[in-house]
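The following pair of complexes shares a single chain, chain A, combined with chain B in the former and chain C in the latter.
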Partner chain A sequence: MVRGLELRDLSVTFSLPGGDVPAVEGVRAFFPSGEITGLIGESGCGKSVLGLAILGLLPPYAQVEGEIILDGEELSPGESRRRLGTGLGLIPQDPAESLNPARTVAAHLREALLPLRLPRSAVPERSESLLRDFGFEDPRPVLRAYPHQLSGGMQQRVLCAIGTACSPRWVLADEPTKGLDRTLRGQVRETLLSLPKRGVEGMLVITHDLALAQGLCKHIGVMYAGQLLELGPGVLEEPCHPFTRAFLAALPENGFRPMAGAAPRPGDRSEGCVFAPRCPRAAERCRRERPGISSPFPGRMVRCFLYEG
Partner chain B sequence: MRDEVILEGRDITKTFRGRLGGHPRKALEGANLRLCRGEYLGLMGPSGCGKTTLARILLRLLEPDSGQVFFRGEEVTRLRGRRLLPFRRRVQLISQRPETFFDPRLRLGKSLLEPLDIFGLPRDRERIRAGLERVKLPAEILERYPHQVSGGEIQRLSLCRALLPEPEVLILDEPTSMLDISAQAQVLSILRELRGACGLTCLFITHHRETADFLCDRVQSLEAPGIPPGSVL
Partner chain C sequence: MTMGRYLLHKLLSLLPVLLGITLAAFTLGVLSPGDPAELALSQGGYEPTAEQVAELERQLGLDAPYPVQYLRWVGRALSGDLGTSYRSRRPVAEELLRRLPVTLELAAWSITLACALGLFLGCAAVIGRGRWPDLLIQALTGLQLSFPAFWLGLLLILLFAETLGWLPTSGTGGAGHMLLPAVTLSSATAATAARLLRSTLLGELGKPYCTAAAARGITPARLVVRNALPNAAVPVAALLGNSLGGMLGGSVIVESIFALPGIGSYALEAIGGRDYPALQGYVLLTGLIYVGVTLLVDVVSMLLDPRVRLGGKHL
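== the complex of A and B ==
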């Protein structure tokens, strides 16, 4: 058995008063253990929903179909939640929303360390050491602080410390560098890179920060409108799917060239390829049929007719 | 015209009390900044060094402990209440959290009327249509609510909202830091186009050197002489 996290035709649909809204559609992927996999794509394309589905943290009105398999064992939402902390760790996005405004950082860390059942006297030292790992040279005043007393960057680093407090086997980091300056982004990157030494076997990093993805991840998955369009090593260096190419054209080194058109709104689903309305290489067939998975070369998966056969 | 100073902060000092166990924290000490008409100035510096504090003081959203702010040569630091309205109209803010500019209970079209009402301007549909065109958004977006648009769209709407009262200066506080690269490129290309079309003056706060280089004529660092860094957390 190859160790890793496998998704088999994973779909997530939100049942809302206005109708069903598909957020993730038929994702088939394998994220190997011992690697950091990056998941990139435009905002709202379903990256975070996919991550929350893996962790079993979606709200009750989300219908999840397909299978999530970790090291050969299927994870139900309940099983994923049971493993949170020591088995699966989450570094959530949006620090301002994720921290409790009425609790100090020390209280947050105390709660995060509960699964380890440490003696009470060991908790402060462990909390300080965690904060030091994430760049707080003097952790004591930070432990006493409430979230509103910290800058956005500090809040983000506190969340990283909480998510990895119990040295989980798999970590899902959702935009861990969002809104941070270059120095702090570098610090978070170094910390994430150091996690495998602390028992973390695999990591899925959802990010808009392609420099982080490039420096951190061997495998990259590219999502668009709820679908995984491309996955494999070297995606940023050698993109295949027209969406990946257009997405990378917006990078600073490529001149900030914006992509034409707009992403489909949630619930807008055409018959054909989800990217066809914006694709410079779309043919008639792309608007009629949904492409299956092709493999242009070993290790790469692409959902595009251009690479069929 | 290019050398005319339009917005200036002189010798600005600000200390916050009560952060991290009640110890006062010096955010700015003797900060100076000069923005010339038509210029795009980038302001960079590490997290917590006082970039946002300086921007909020220049916008007159925060009182400095000492120092002055001048707009077109007039000191605005002492202005209060309605006397600030003309200044407010001419100096607008774009934030990294554009959703906070829109009432979640109002359709976006209604929210866009707010600046026109506040500054006593006519509710001119044509002005709104032209504003949306400038930020490359379709008119149908006006019927939606804030939660029904993407991060890039709401940032472009906040740009449209800020431009409706015809400001002379835009202060952009990390406007693209929460956006994906695709939405970032859209916002940056619009800001670049605006420069030619409206002759705007911009103070652009960013963490990204590449972004500042793409958009700005010059970049000032908070560590640079004249703007000493505050106590960095």
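== the complex of A and C ==
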């Protein structure tokens, strides 16, 4: 068995008063252990929902179908939640909003260390050493501080310390650079790169920061409208799917050519390929039929008829 | 804005409120039907002559223009003189102070009960959200809110005092005497607090910091009580504080049902006896208490937020 996180036809549907809204549809993927996998896509493409589904933290009105398998063991939402802390960890998006404004950093870390069942007297020392690991040379005043007394970069590093306090085997980093400036983005990259040294086996980085993905991840998954359209190593260097190509071409450094059309609204689903209405290479068949998974070369998965057979 | 400036701002904004309270209390005496001097002399069925009334009016300064009377009245009130009760012929301030401890005790019991029950029901509803504890608590608080206090009080007396004989029906003398009145007085407040807390807690649980906290693998109870509650409690504290202000004014209904000699029942007796100085004193005292308590609650609920308490200073 190859160790890693496998998703088998994972779908998430939100049952809302106005009807069912699919957020993630039929995602089939394997994220190997020992690697950092990036999950990229536009805002609202379902990548954060996918992450929360893996952690079992979706709200009750979300229906999850399919299987999530970690190292050969199936994770039900309940099983995922049981593993939070020691097995699965989250580095959340939006540092300023992800720390509790009414609690000190020490209280956050004490709570994060609960799954380890340390003796009470060992907690302060462990908290200090965790903060030191993430670049706080003098951790004591940081422990006493409330979140609003920390800068954005400090908040992000505190969240990294909290998310990895119990050395989880898998870490999910959800938009770790969202809203941070250039210098801080560099800091976050360094911090994430240091995680494998701390006993983390695998990491899934959800981001729309392509520079971060490029600098951090070997494997990249590309999501669009709730579907995983492309996955594998070297996706950014050698894109196959027309969406990935258009997505990369839209970047300022690649010529800033905006993609025609707009992403489908949630719940707006046609028969065929989700990208067909905007795809420059769409054929008649793309609008009628949904493409299956093809493999243009070993290691690459693409959901597109161009690479069939 | 810093804490000191906020306090100053708040205190200044209280000045017109205080002015309003004194004006309202004073106008009560002016607008009241009947001549105060005549009323004061005619207690007990005695019919005074016109000369006696005029003499007393002069003594009381009632022949002066209203603004002068108002200023004199405020001046006396500031020195602690709230006039003399028509009925008992004793100083109103003294009578109010004698009865205040009963009201204070009842208010203390009631607000404690309201806090405890409100916090417990609100948190329990959210922890058991969408399941039977939530539904049960929704039904219970709905019932509490729709019960008028006088009816609840009578039912409680019927059950616990008359039928079961566990608790005394009325009067003062220890915790047992305060329990039923406090339950009656706090019931609707506890229910309102529980419902408000439920909705503010649900609002907090949708925020990113709660998702991040849940990702630490903590129990739902810990998520609600330790993480969401400190942030969700601020509006609930304000609500409870305002209720405390009202409770300290004495509950006319509860004090009279349970025959508690507090300032609420004093006000009721004053109305019955057309004892305007007593009523003026009551309005002034409860107005001041209400303003003081709401100011205190404002400050306390601001201090609950460390961003306000510690200011914006960075490490």
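Definition applied: the second predicted complex is superposed on the first by the 308 of 309 C-alpha atoms of A that agree within 3 Å, B and C clash if a C-alpha of one lies under 4 Å from a C-alpha of the other, contacts with A are read in each partner's own complex, and residues count from 1 in each chain.
The rule we apply is simple: a residue touches a chain if its C-beta (ideal position, glycine included) is under 8 Å from a C-beta of that chain, and two chains touch if they have at least 3 such contacts.
Values in this document were obtained by computation on a predicted structure and should not be read as measured data.
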Open item on the list: Just checking: does A:257 make contact with chain B only, chain C only, both, or neither of them? Give me first, second, both or neither.
Closed with: first
TODO: Please indicate which partner A:142 is in contact with in the superposed arrangement: first for chain B, second for chain C, both, or neither.
DONE: both
Open item on the list: Between chain B and chain C, whom does A:153 touch in the aligned arrangement: first, second, both, or neither?
Closed with: first
Open item on the list: Quick one: is A:208 in contact with chain B, with chain C, with both, or with neither? Answer first, second, both or neither.
Closed with: first
- [ ] Please work out whether A:285 is in contact with chain B alone, chain C alone, both, or neither, and reply first, second, both or neither.
- [x] neither
- [ ] For A:42, select first, second, both or neither according to whether it touches chain B, chain C, the two together, or no partner.
- [x] first
Open item on the list: A:115 in the overlay: touching chain B, chain C, both, or neither? Say first, second, both or neither.
Closed with: second
Task: Set of chain A residues, in rising order, touched by both chain B and chain C - done: 141-142, 145, 149-151, 154
Task: Residues of chain A touching chain B in the complex - done: 41-44, 141-142, 144-145, 149-154, 178-184, 208, 210, 246-247, 249-253, 256-259, 262-263, 265
Open item on the list: Looking at the complex, which residues from chain A come into contact with chain C?
Closed with: 52, 55, 57, 60, 81-86, 88-90, 92-94, 97-103, 107, 111-112, 114-115, 141-142, 145-146, 148-151, 154, 159, 162-163, 165
Task: Contacting residues of chain C [partner chain A, same complex] - done: 130, 207-209, 211-218, 222, 226-227, 230-231, 304-307, 310, 312-315
Open item on the list: If we count contacts the way the header does, which residues on chain B are in touch with chain A in the complex?
Closed with: 18-21, 23, 45-48, 96, 148, 150-153, 174, 177-186, 188-189, 207-211, 214, 233
